[in-house]
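Each of the next two complexes has subunit A plus one other chain: subunit B in the first, subunit C in the second.
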Partner chain A sequence: MTEGKFNGEMTYAAVVRAGTEPGTVEIPETDFAKIKRKREIRNFFKGQLYLLPSILLFAVFLFYPLFRTIYLSFFLTDSAGTPTVFVGLDNFRKIFTSPVFLQSLQSTVLFVLYTVPGTVFIALVLAVLANEKMKGIGFFRTIFSSTMGVSVAAGSVFWMFLFHPTIGWLNQLLKMFGLDPVGWLTDPKWALLSVSVTTIWMNLGFTFLVLLGGLQSIDDYLYESAEIDGAGYFYKIRRITIPLLSPTLFFVITVSLINAFQTFGQIDMLTRGGPQNETNLIVYVIYQEAFMNYQYGSGSALAIILFVIVLLLTVLQFKLVEKRVHYQ
Partner chain B sequence: MQESIIVEMIRVSKSYDKQKNVIKEMDLTIREGEFFVLVGPSGSGKSTLLRMIAGLEDITGGILKIGGRVVNHLPPKDRNISMVFQNYALYPHLNVEENILFGLKAKKVDKAERQRRLQEAAEMLGLERLLKRKPKELSGGQRQRVALARAIVSRAPLCLMDEPLSNLDAKLRANMRMEIRRLQQRLGLTTIYVTHDQVEAMTMGDRIMVLHDGKIQQVGEPIRLYNEPANTFVASFIGTPKMNMGNARYFPEKRELVVENRLSLPADPAGLDISPDRNVIVGIRPEHIRPGTAEDRTSELEVINVEQLGNETLLSFEVGKEIWTAKWPGQWKVKAGERVPVHIPIPFLHFFDRETGLLIKPAQSAHMREVEKV
Partner chain C sequence: MRIPLGRKILFYFLLALFAAVIFAPAVIAFLMSFMTNQEIFAGKLFPHSFSWDNYARLFERFPIIHYLTNSLVVSLLIMAGQLILSSLAAYAFAFLSFKGRDAIFFLFIATMMIPFETSIIPNFQTIRNLGLLDTYAGMTLPFFATAFGTFLLRQNFKQIPRELKEASEIAGMGDFKFFLTVALPMARTSLVTLGLYAFLTSWNMYLWPLLATTNERVRTVQIGLRQLQSQEQVNEWGMIMAGAVIVVVPTLILLFLGQKRLQRGLTEGAFK
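What follows is the complex of A and B.
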């Protein structure tokens, strides 16, 4: 390092000398390159120092657990989580042949398909409505974004009451119209749908707020100009709102997709994976495997699989969809 | 040529939240093919008025007619107008061609017609080679042209422009001024043009309306406003450097007109029918304060600032608490602090009433010279 630097210095000085006719111009002896490099090195270390706290935190809470999980996924463990026997890819092989996992995978995919488009579409409609300028619109904006302030636990309890087979409002409503009560959380046909509805409701607040922010960054002049040009309401939405909102939509869809794959709280509160494993989403399977069956090895393997699935989907999304996103 | 009325306003007014009169009962007619300029300082209500004509703002009271029919209740798209916005309002995700055709597609004009109008407008504004570019890849002047092209293709008989040149640099602005004017004349387009720049108003308008505090100050041809400003506001707003003004009093016994208690000008009662006890404001254009010669000097003033413009020299004087400016043609070797003789000719003074600000007597207007035709 030092030697290279020294060489560089020599060549620089030599170039300077060679390029000048002797005796014509005085070249000061200061070596600018050396001083500049010194400053760069100092700045580099200064920068590292600023990064240190977050690197430390990431290392302890993210990098270490990640590598530990990968490591564990190749082992069988005892009930305390200590690796005992190295089994190679056995854990993975077992998982891919297990009917529980395959059903869980199917449920998860269905769950994602229900919740992501559902949330984004409803939030978009609400955001477009709440973006209108009129008196008292602030009230609606508050209401529409309010579920952001509700915790998963509180939201689940709230919906549990709504879903209650006898005293729940939903079934009472059905009864009012003379319909048979539905086992919202107990009927295998309905459970996944019920959980999805709960999830959509919970995610609506955040998604709505982000989309509303995106809408408000669209210049009013564009709409006024379109109005003068003779564009109708839906024409404006299709040709101006959606294209200009596309970066926000892309962000919201990516985040919702990742969140949907990681859903845990409402499953644990509402159905515990039942009935007949219909709502047994991947994270809940991981939880059961690791913390109820004490199979840390295969639990870790499942976690790795989930990680890879989410990673692939996100990469795919960036590759396929981002091209059509219009960044201003 | 029969001139028909395109826009008619009958006691139009505008208030927000029933409080402030942003536009006070306003009567106005704009004729076909006219380039009509609304000019005024910021906050005078000129943009609001334009947006009311466009239908982007509600009209609180009065009647607005466009092309003979009442349009108070009609949304912008049914008023058959086009508009150019200050920041151009180009759609950032669409290229130039799509931007220009946006409105025609919305109105479902057929494809062949669309292409024909696009070609025509692009050619007129020199946009042929930019059609596939996005707005962010264009310079300010090019964006401005796209906005104009978009207004042209709509074939609306009335075009509204809201300070379209204010985002351009000075040189480009002078260019576009001429270009817009020529385009307007070529197409015979009735145009209502809002600006805060009195130079734009003077150079572009067939007629100008000066607006202040939501009230019409004066409507008329640019040169008329310059020569016979209806009140002190118009007098100081139109013309640059602005008109020199000061409180004055006429003393017939001494044959003197005293300005700002500082400047006394010899005045002949024959040419001055101002009653001696009337409080007046006098005004004089900078180009009418001339360098005094031994015979005709009326006063000697101390120069406080000199601006050499090359073709002319601007001199500032302190007259009482007012600062007056004189514009002398050519280059003058004068330094700040020197006292120079000046000639302030009484016939070139405008007289305004001090209470109402209204014009009592305009200056004897300089005779417009005519070009000898060969």
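What follows is the complex of A and C.
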């Protein structure tokens, strides 16, 4: 619907409302323009009335904070967060030279590389299985999507027990097979992997649900005609399912990427960034810098780095979605 | 399409296997919440007799009811706020035409590129300076405006036939009345979906409630669970699991009831 057409209809409606036949009225040009301008101004204010609450809150809690964070990232602050000394790009320089921050960036990237492909692949397998039309499939769909209803705090508690060094199930299993116990959350070699497994489990529900939705919108007819041509199961998956699901896949991949960069809760619950900073992901460092060490400046600089990463990923997603619209 | 029997058996086997693995952490927690500590440390699978002791102790020692009430209030407030604000905004984008609408629409899209984590430092300061720490307002206000919800509802409003709007104008019905009596009722499935989604995500929020509460007054059950876990870690696993089960049950029930709806809503909101 273009704006021009909409306006035309409005005017038409207004004329009808005036109680005259549209074909017979004669309105002088100047009056018409004046009425139109008046209507435009009124429409503008009316539109603002509907949008103002959202715009106001976005301004206060999203746009202002963004600029404020950029501003703060150039300063040292006191413990209340008031900027005191302008330090230019020092906060950023510190991030890219201090071992702790570099370690955090590295851990974050590793964490993303573990969790995003892991989540999407497993969720895809689950969605393809759960898309079969078989008896009782609804039950499995419910189970597979269930982790979406499990909060970060509760999920972390579940896994904390599984990871428990002596009574936890994972080490019990290892013992059953005669293997040495592993310090899942305390061994620097394992901690990031353990947190990643927990995260994959937590994100499965949502990813599964979106992918299943994508699969269900694929026309059955395609599979049927492929079957008549004698196509095998995996051939159909490769040639029909994956290509037609690709927009949904792109969507869940970008959403998962963005979520992974924003991970906080499971770190706070399971490892507090340890052992040896191995699981010190970027948002956890922001939290520590700003709210435990009161270094709002360097915390802000990190927040800006996070923003740039998420911005790039979102733009990428929009580009891909746009592309999809074109070839549809 | 008929599925060959052999493949069917394989599918059921895989489905059952995955279901068992995915559901195991929750089931284990559920069973543990009914066990005594001796049973837990002996590595038992099933409780000898289902005892409510852990729950009783939890309610006795922790203000868990208070936390649950806070969570409920916060989630309902955010849900209501999001429904009201996003349906108003969606209406403007779908039915009103005015100068600058496209620019504002772009502004809404832009909000999706700013992660909340980026803004927490100034947001914390704003809430603190407004004296809203430890209040429901401070817990909920930052989440009322939502681009996702606005887009989802706008999509729905756009499916309302143009003729209906024109007819209402001819009948002399104002925009706000049309919004209340025609647009909202016609979009009610999407409103329910959005409400469900808003409730689930608010109930499960972690970082903001952690920052915006300094005492028990409006603290949510998620942060309560965090405290429970860090205070009682040593040997009260049964009680901690009872806490986790209590946190999870409301959202799981909601999810089971609204799974189909959410699935449709999420895919729609994602693409159109």
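Some points to look at:
What we mean here is this: the second predicted complex is superposed on the first by the 268 of 328 C-alpha atoms of A that agree within 3 Å, B and C clash if a C-alpha of one lies under 4 Å from a C-alpha of the other, contacts with A are read in each partner's own complex, and residues count from 1 in each chain.
By definition in this document, a residue touches a chain if its C-beta (ideal position, glycine included) is under 8 Å from a C-beta of that chain, and two chains touch if they have at least 3 such contacts.
On a predicted model such as this, the values are computed, not experimentally measured, just so you know.
Once the two complexes are overlaid through subunit A, subunit B and subunit C fit side by side, free of any clash as defined at the top of the document. Of the two partner chains, subunit B is the only one that A:Ser225 touches; subunit C does not reach it. In the superposition on chain A, A:Leu174 makes contact with neither subunit B nor subunit C.
Once the two complexes are overlaid on the shared chain, A:Leu244 sits against subunit B while remaining clear of subunit C. Measured by the number of subunit A residues touched, the leading partner among subunit B and subunit C is C. Residue contacts after overlaying the shared chain place A:Met269 against subunit C, while subunit B stays out of touching range.
When the two complexes are overlaid on their common chain A, residue A:Glu40 makes contact with subunit C while staying clear of subunit B. By the document's definition of touching, of the two partners only subunit C reaches A:Phe158; subunit B does not. Of the two partner chains, subunit B is the only one touched by A:Tyr235; subunit C is not. In the superposition on chain A, A:Val100 makes contact with neither subunit B nor subunit C. Shortest separation of subunit B and subunit C in the overlay equals 5 Å (C-alpha atoms, whole Å). Overlap of the subunit B and subunit C contact sets on subunit A: residues 224, 227.
For subunit A in complex with subunit B, the touching residues are 219, 221-222, 224-232, 235, 239-240, 243-244, 326, 328. Those residues of subunit A whose C-beta lies close enough to touch subunit C in the complex are 1, 3, 6-7, 9-10, 13-14, 16-17, 40, 43-44, 46-48, 50-51, 53-58, 60-66, 68-69, 72, 81, 125-126, 129-130, 132-134, 137, 139-162, 167, 169, 172, 201, 204-206, 209-210, 212-214, 217, 220, 223-224, 227, 233, 247-248, 251, 258, 261-262, 264-265, 268-269, 283, 286-287, 290-291, 296, 299-300, 303-304, 306-307, 310-311, 314-315, 318, 321. On the subunit B side of its complex with subunit A, the touching residues are 54-56, 75-77, 81-83, 85, 87, 89, 91-93, 102-103, 106-107, 136, 150, 154.
Against subunit A, in their complex, subunit C makes its touches with residues 1, 3, 7-8, 11-12, 14-15, 18-19, 22-23, 25-26, 28-29, 32, 40-41, 43, 84-86, 88-89, 91-92, 96-101, 104, 107-109, 111-126, 141-142, 144-145, 150, 162, 166, 169-170, 172, 175, 200, 203-204, 206-207, 210-211, 222-223, 225-226, 229, 237, 240-241, 243-245, 247-248, 251-252, 254-256, 259, 262-264, 266-267, 270-271.
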